[in-house]
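Each chain carries a letter (A, B, C, D and E) given by its place in the written order, and its residues are counted from 1.
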Amino acid sequence: AATLDDVKARGKLNCGVTTGLVGFAAPNANGEWEGFDVAVCRAVAAAVLGDPKAVEFVPTTGKTRFTALASGEIDFLARNTTWTFSRDVDLKFDFIGVNYYDGQGFMVPKSLGVSSAKDLDGATVCIQTGTTTELNLADFFRSNNISYEPVPIETNAEGQQQYLAGACDTYTTDASGLASTRATFENPGDHVILPEIISKEPLGPLVRHGDNDWGDVTRWVLYALIAAEELGVTSANVEEMSMNTTNPEVARLLGSEGTLGEMLGLDAGWAKNAIASQGNYGEIFAKNIGEETPIGLARGLNAQWTDGGLMYAPPFR
Amino acid sequence: MAEQAKALQVSDEVAISIQGMNKWYGTFHVLRDIDLTVYRGERIVIAGPSGSGKSTLIRCINALEEHQKGLIEVDGTVLSSDVKNIDKIRSEVGMCFQHFNLFPHLTILENCTLAPIWVRKTPKKEAEEIAMHFLEKVKIPDQADKYPGQLSGGQQQRVAIARSLCMRPRIMLFDEPTSALDPEMIKEVLDTMVELAEEGMTMLCVTHEMGFARQVANRVIFMDEGQIVEQNEPEEFFNNPQSPRTQLFLSQILGH
Amino acid sequence: MAEQAKALQVSDEVAISIQGMNKWYGTFHVLRDIDLTVYRGERIVIAGPSGSGKSTLIRCINALEEHQKGLIEVDGTVLSSDVKNIDKIRSEVGMCFQHFNLFPHLTILENCTLAPIWVRKTPKKEAEEIAMHFLEKVKIPDQADKYPGQLSGGQQQRVAIARSLCMRPRIMLFDEPTSALDPEMIKEVLDTMVELAEEGMTMLCVTHEMGFARQVANRVIFMDEGQIVEQNEPEEFFNNPQSPRTQLFLSQILGH
Amino acid sequence: MSDTHAQTVTYVRDTMLPQAAPPSTAQGPVKWLRESLFSSIPYTILTIAALYVIYVLLSGFLPWLLGGVWTTSNIRECREVLDGAAGGCFSVLAERWNQLLFGISYPQDGYWRPTLAFVLLFVAVAPVLFSNLPRQLLIVTALYPFIAFWLIWGGSLLVPVSALLSIVIGYVVYGKLVKTSFAAGLAGGVIAAAVVWFVLSMMTPSLSGVLALEEVASRNMGGFMLNMILGVVCVSLSLPLGILLALGRQSSLPIIKMICVVFIEFIRGVPLITLLFVANVVLAYFLPPGTSFDLILRVIIMITMFASAYIAEVIRGGLAALPRGQYEGAESLGLDYAQSMRLIILPQALKISIPGIVNVAVGLFKDTTLVSIISMFDLVGMIRGPILASTDWNGVYWELWGFAALLFFIVCYGISQYSQWLERQLQTDHH
Amino acid sequence: MTTMSDPQQGSFRLSMLLNDTRYRSYTFQFIALVLLIALMAFLGVNLMRNLAEAGLNISYDFLGVPAGYDINQTLIDYNSQSSNLRAAMVGIINTLLVAFLACLTATVIGVIAGVARLSKNWLVSKLMSVYVEIFRNIPVLIWILMIYTLMTAVLPAPNAFRGDNATSSMLFDAFAFTNRGVYIPAPVWGPGSMMVVATFILSIIAVVFYRRYAVKLLFETGKLLPTGWPTLAILIVPTLLMFFIMGSPIGLDLPALKGFNFRGGIQIGAPLIALWLALSVYTGAFIAENVRAGIQAIPKGQTEAAASLGLRPKRVMNLVILPQALRVIIPPLISQYLNITKNSSLAIAVGYADITATLGGITLNQTGRAIECVLLLMLFYLTISLSISAIMNVYNKNVSLKER
């Protein structure tokens, strides 16, 4: 059950992603996967195998993702998955951290004239099955004592279809998912995301419970990306920084000092490879979902702790 | 017995009259200018090579096939495409098929009472009595509650005859009623038919049983290529055929 | 010819010996205490009413049916449940069925070579030569490449005989080999069997062909209700039956 | 005219009438129209109703089909070009052609490989389907699995060659031993094949570059190709399994019979979807820890089991249709069980069963679309997932569904026509 | 009964296990059994180890835990606080509902198409062949998805009914076809409505009795009563009378646009309709083939014999052809029903909450109890199919034609 050895032997990382959520994970016209979650997969591959392209992407739905991971079909699941108690404890997975702090929101057409989620009494709601949002939705409406009709769907693509066809009045999922879905609309301006955020959705990658070595590897790759931003290491300057840095933590991170890589069972340049290929956390964010992209998400909670956000990597020591 | 059957009176009343009747299957001319008058009480045997149109002729008479030209009149009713007329004629004319065509999902008794009840509106009880009467006549009253599948071929054909008789037809048509039977059973069925003949039923019978023809027919009609080629009394027909075709046919059949 | 066949020597060597054999179907006692010794070269005809167990007896001899009590010894091999013994006996004993049971998906030649090749491990070439030899013997070598469906019943039965012979059996069993045939074809098959008899083959034959029995058998066995009721030489058997059952049976068969 | 009367019946025709042409009402288009379309008032109403239905269907369908646009690169352009006119955006088919047929991740320069395998498939199945073709073609059939495997999955040619070699050697050994006993033959054959395979597979890795095509992992198969692969592989695998199950179910040995009955009835009692769920979510729990089949393999296992249960029932029908005499004939000649099955019973039973098997195959092929529900990207999965989700083609439903329906229709209709032809063939040629 | 007496009895040799017909069947069965047990043990041990390794266990406690999710179409009381078991019940009922509806319509479609395919009207019969060939040669999943797309993408959304310049309008102000489903009026049972319903039920019984009486009268006296219009009259008149006598106690609750959706009336959700229609037309094509084959299996001679006895075409059909054809048609028909039930599991593709979607989908996912859920799911389908084939066996025994 040593996943790390399996991955090395195989020469490829099997990484579970969504079936398509632009900005997070979606194949482009050439069939290459791109996105925020994809970058994490590639960073892990770069760190473990030295090659960011050595990844098999396995598209999963909200329903199939956990069985894919549990059955060993994938080694690593990076699919905007919410860290919850039962998934961690009961389903026997280990979340290795949080790469996006999110919450559940609602999107409605402007023409509907709704300005608050509490006005949605009697609405038809598109909802992905097998997700936390499905459960939150039930709780939200019940606690507010209003009614709704769920339209269960399997994938974001279907949700988008139904929503645009007017088969549901509102679409609810993680706010980031809503933003990315809206970005693909012909007229994104015709739709608004309601102000209520009805839940906490800390999204993070996860691995099977019990293989702590593999858990450590992936956890620290993620932290390496976050720490890199904090320490000012970018894909552009990583080579240079690894040669001549005065900051001992940067040196340890990039493998020019200490044996962190060895301790993980990787080579010394593990973090360097990851950062060089994907950039640091901030770069990844900006490139895939940041304000410059059509998705246009602000850093908000996902800013570094030094900027008042929640991104906080433990020390590399 | 034969003598007795032959001696029966043939009345002057016309039972079936066919005039200038023609039939085509697509462009194939099956029946050509058929003229035939059958008197009440006549017993006619139709013979001829395979494909000569014997079955077709018989089936035209009770409107199982449509004819395209000419006139068929049965018991004074002209056969037209009028459903009423067809119904009338069919209830006058009974028909017996080569393969019996009993209804396998009904008992023998039900087979016999079905049409009297639904067509003639005979009360069931009465219909059953009639049916038993005719079943006795064909000598199988004890099989009344069995299903057709449980009877032998000869018994089935006799039931088929009884079934037709239950409608009290004035004319019976037989289309090779014995040719699907084993030799022993042929006799059973022919005996039944001879008895019918003795009672004066008007009968048209397609058959190659020349013995039967000799014994009961008062006319034998020979068909070839859709036409009536020759007709005569049985003795004459067999002993002294006129047309060369008839001669050829008889030489084949009898030599066999 | 008959005389010639009859004149053949019957050796003292025992071919089949059956002692106290009993068989049940479920609780139905089909064969009761059968004792029978067949000498090499003997030609035995088994007769008896339907259901008397003739087929069952024959089928027990080559283990198509299992018997439950008693001893069957064929050519010195005791029939036990040992597969080796069964195989040995089956390759000594040829069998001919009422319905031929040819393999319709194989040509005549393939039908005949199948068992020699797969059971006797004869090379194909040799097997084909043998097969042609026997097909000539039954007078249909020219049909070798046809399929059974293309032959007449009589021809099929002769192929079935040839097929058995190809295994060079020392004993042949026939179960009503002619009863599924048309009268003309019966003769063809009987002729073939007479020839076989003339060559001294040990034969057990269930048949109602009394002519055949008279001509070739040197013993006729009469069975009823699963028991051997009477056995005798054909002349005696037919002219002077002892048991009342035999008398009754013969009167029915011969009077027919 | 004859003047028949009861008393003077004698009549002889002296001139035979010739064939005459039927009256115009009894022939030609007039008769056809009258009889097949307007024979009575209700029929006439029906005809008019049917004509109306046809009109409605065609008037909706034809402009859409004929006015279609084939060359735009996304739905917005397409709508612009159409400018409100009726017409389909068939450009989605042109633009996503390769994805529809091969999925998203099959190497782009390798499309010729599955295409070639597909073409060869026809050569390979032809001699099986049409018994009047030369028997030598069966060699192609026998080689096909290896060629197709190599073409589609790639890798060194040596792998399929050594598999072929070990099977051939195994068969030779089997052929040598089977004359003594079937069990010995089978065991010997299997062992020989395994040994050869083992020896060869020790050698092949060092030669992995020889005649190698780029390797493609199973999970990269997609599109219609995936449906074809699943259909062909599962039907061929399920045939032998189905035969064994059918024989087992006919067996007189109660335990073996019971095992087969339970298996068959169980499989036939549950929907394929639940079996796919098993493949997807629970099968891994039943395999030794650490083994991880990829999903396609698991799906193939489940679909094969599914198909074999249905095929077993078809073959059982074929077995039951054989007269008892065939079994007895074989037995009385001294053939043992294995021989009589292989030489006498199965050839006949299988022949009777072919139409039924073909029907199962068609049903199975249609059912391969169900894998899209466990998020595999077969043709339906491709359409529901990546293509409809993409910003470019979001909203082009009918063109895509129509295309998928058409592909399946062509294949299934073709096969079912074949099976009907075969049934007619079988009806006429019972010798 | 004694066994075959043979001289070697008692001296048992090992080779007899393979060569003796008495023992070798036991040998083979023993081997098969051992193999089976080995396989089971192998799977079982793996399961244990895998579960232990993952720290899971098999337990059905989750069935009692609140499900936490909502279901849109339920026939029984259900909310997100109901247990998973209750959710499974909802699923079972929904499966049975759609299967029942689809069986009904598929039969109607199939019978009509099958009979029409035999029609002498060339156009009609060709049209039906085209229907049959098209529908049975395209996967049912594609049909389900197409019809669902048709529902959601072509029908108007409820807000198209809104406002002064609404682009869509309701049919008779009572029926609304929207992309969320179809809304139809629901009956409202006022006081006294029970009387009306009771009258109606009594009328149905009366019709049955009337028809029986008609046949009996025919059998007894030969008088044939008309059955067509009296049936209609008995069905309608008393009920209508009672309805007015009781002061129109049954009202209609018409659907009306309120808020986001139509409220009131009965809503039939789009997924249900898509599934129902698709299963009906798809299976209808197969049933049409069965019906056609069944009718064609009856020899032409039967029709001719009946006709020559003077029976009219309608009677020929009812008294002679149908009773025979039904024996041929019903067994395949029942297995088509079974197929419908199994294919209804494709509900999951359109989000209809059948048993596969609730127990095998959401519950499985939210609880992670994969093995348990799949097991229960299979058990359910197995129960259904075994009961149906039991029924079929009984039927086959009862109707088989009596032969010699």
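Heads up, the rule we're going with is that a residue touches a chain if its C-beta (ideal position, glycine included) is under 8 Å from a C-beta of that chain, and two chains touch if they have at least 3 such contacts.
Please read all numbers here as calculations on a predicted model, not as lab measurements.
A.B. asks: If you take the chains that touch subunit A and keep only those that also touch subunit B, what is left?
C.D. replies: D, E
A.B. asks: Hey, which chain ends up farthest from subunit E, C-alpha centres compared?
C.D. replies: C
A.B. asks: Count the C-beta pairs in contact for every pair of chains, then give the pair with the highest total.
C.D. replies: Ranked by contacting C-beta pairs, first place goes to D-E.
A.B. asks: Which chain is the middle one, judged by CA centres?
C.D. replies: Per-chain C-alpha centroids compared to the overall one single out D.
A.B. asks: Could you work out how far subunit B has to rotate to sit on subunit C, using CA atoms and steps of 5 degrees?
C.D. replies: It works out to 165 degrees.
A.B. asks: Measuring centre to centre with C-alpha atoms, which chain is farthest from subunit A?
C.D. replies: B
A.B. asks: What's the distance between the Cα centroids of subunit A and subunit E, rounded to whole Å?
C.D. replies: 43
A.B. asks: Between subunit B and subunit C, what is the gap in Å from one C-alpha centre to the other?
C.D. replies: Averaging C-alpha atoms per chain gives centres 48 Å apart.
A.B. asks: For subunit D and subunit E, let me know how many angstrom lie between their CA-based centres, rounded off.
C.D. replies: 27
A.B. asks: Please tell me the distance, in whole Å, between the geometric centres of subunit B and subunit D computed from their C-alpha atoms.
C.D. replies: Roughly 53 Å, centre to centre.
A.B. asks: For subunit E, what residues touch not just one other chain but two or more?
C.D. replies: Residue numbers touching two or more other chains: 53, 153, 349, 364, 370.
A.B. asks: Counting only residues that touch at least two other chains, what does the list for subunit A look like?
C.D. replies: In subunit A, residues 1, 67, 70, 154, 161 touch at least two other chains, as defined above.
A.B. asks: Find every residue in subunit D that makes contact with two or more other chains and list them.
C.D. replies: Expected reply: 281, 284-285, 289, 384, 395.
A.B. asks: Touching pairs of chains, all of them, please.
C.D. replies: Here the touching chain pairs work out to A-D, A-E, B-D, B-E, C-D, C-E, D-E.
A.B. asks: Over in the complex, which subunit D residues touch subunit B? Could you list them?
C.D. replies: 1-2, 4-6, 9-13, 16-17, 19-23, 25-27
A.B. asks: Any idea which subunit E residues touch subunit C in the complex?
C.D. replies: 1-8, 16, 18-22, 24
A.B. asks: Considering only the defined contacts, which subunit B positions touch subunit D in the complex?
C.D. replies: Those in contact with subunit D are residues 10, 12, 22, 24, 26-29, 32-33, 35-37, 39, 42, 68-69, 218-219, 224-225, 227-233, 236, 242-243.
A.B. asks: Would you tell me which residues of subunit A are touching subunit D in their complex?
C.D. replies: Contacts found on subunit A: 1, 19-20, 22, 26-27, 31, 56, 58-61, 64, 67, 70-73, 154-158, 160-161, 164, 184, 186.
A.B. asks: Which residues of subunit A touch subunit E in the complex?
C.D. replies: Per the stated touch rule, the residues are 1, 62-63, 66-67, 70, 86, 90-92, 111-112, 120-124, 129-130, 134-135, 137-139, 141-142, 148-154, 161-162, 165-169, 208-210.
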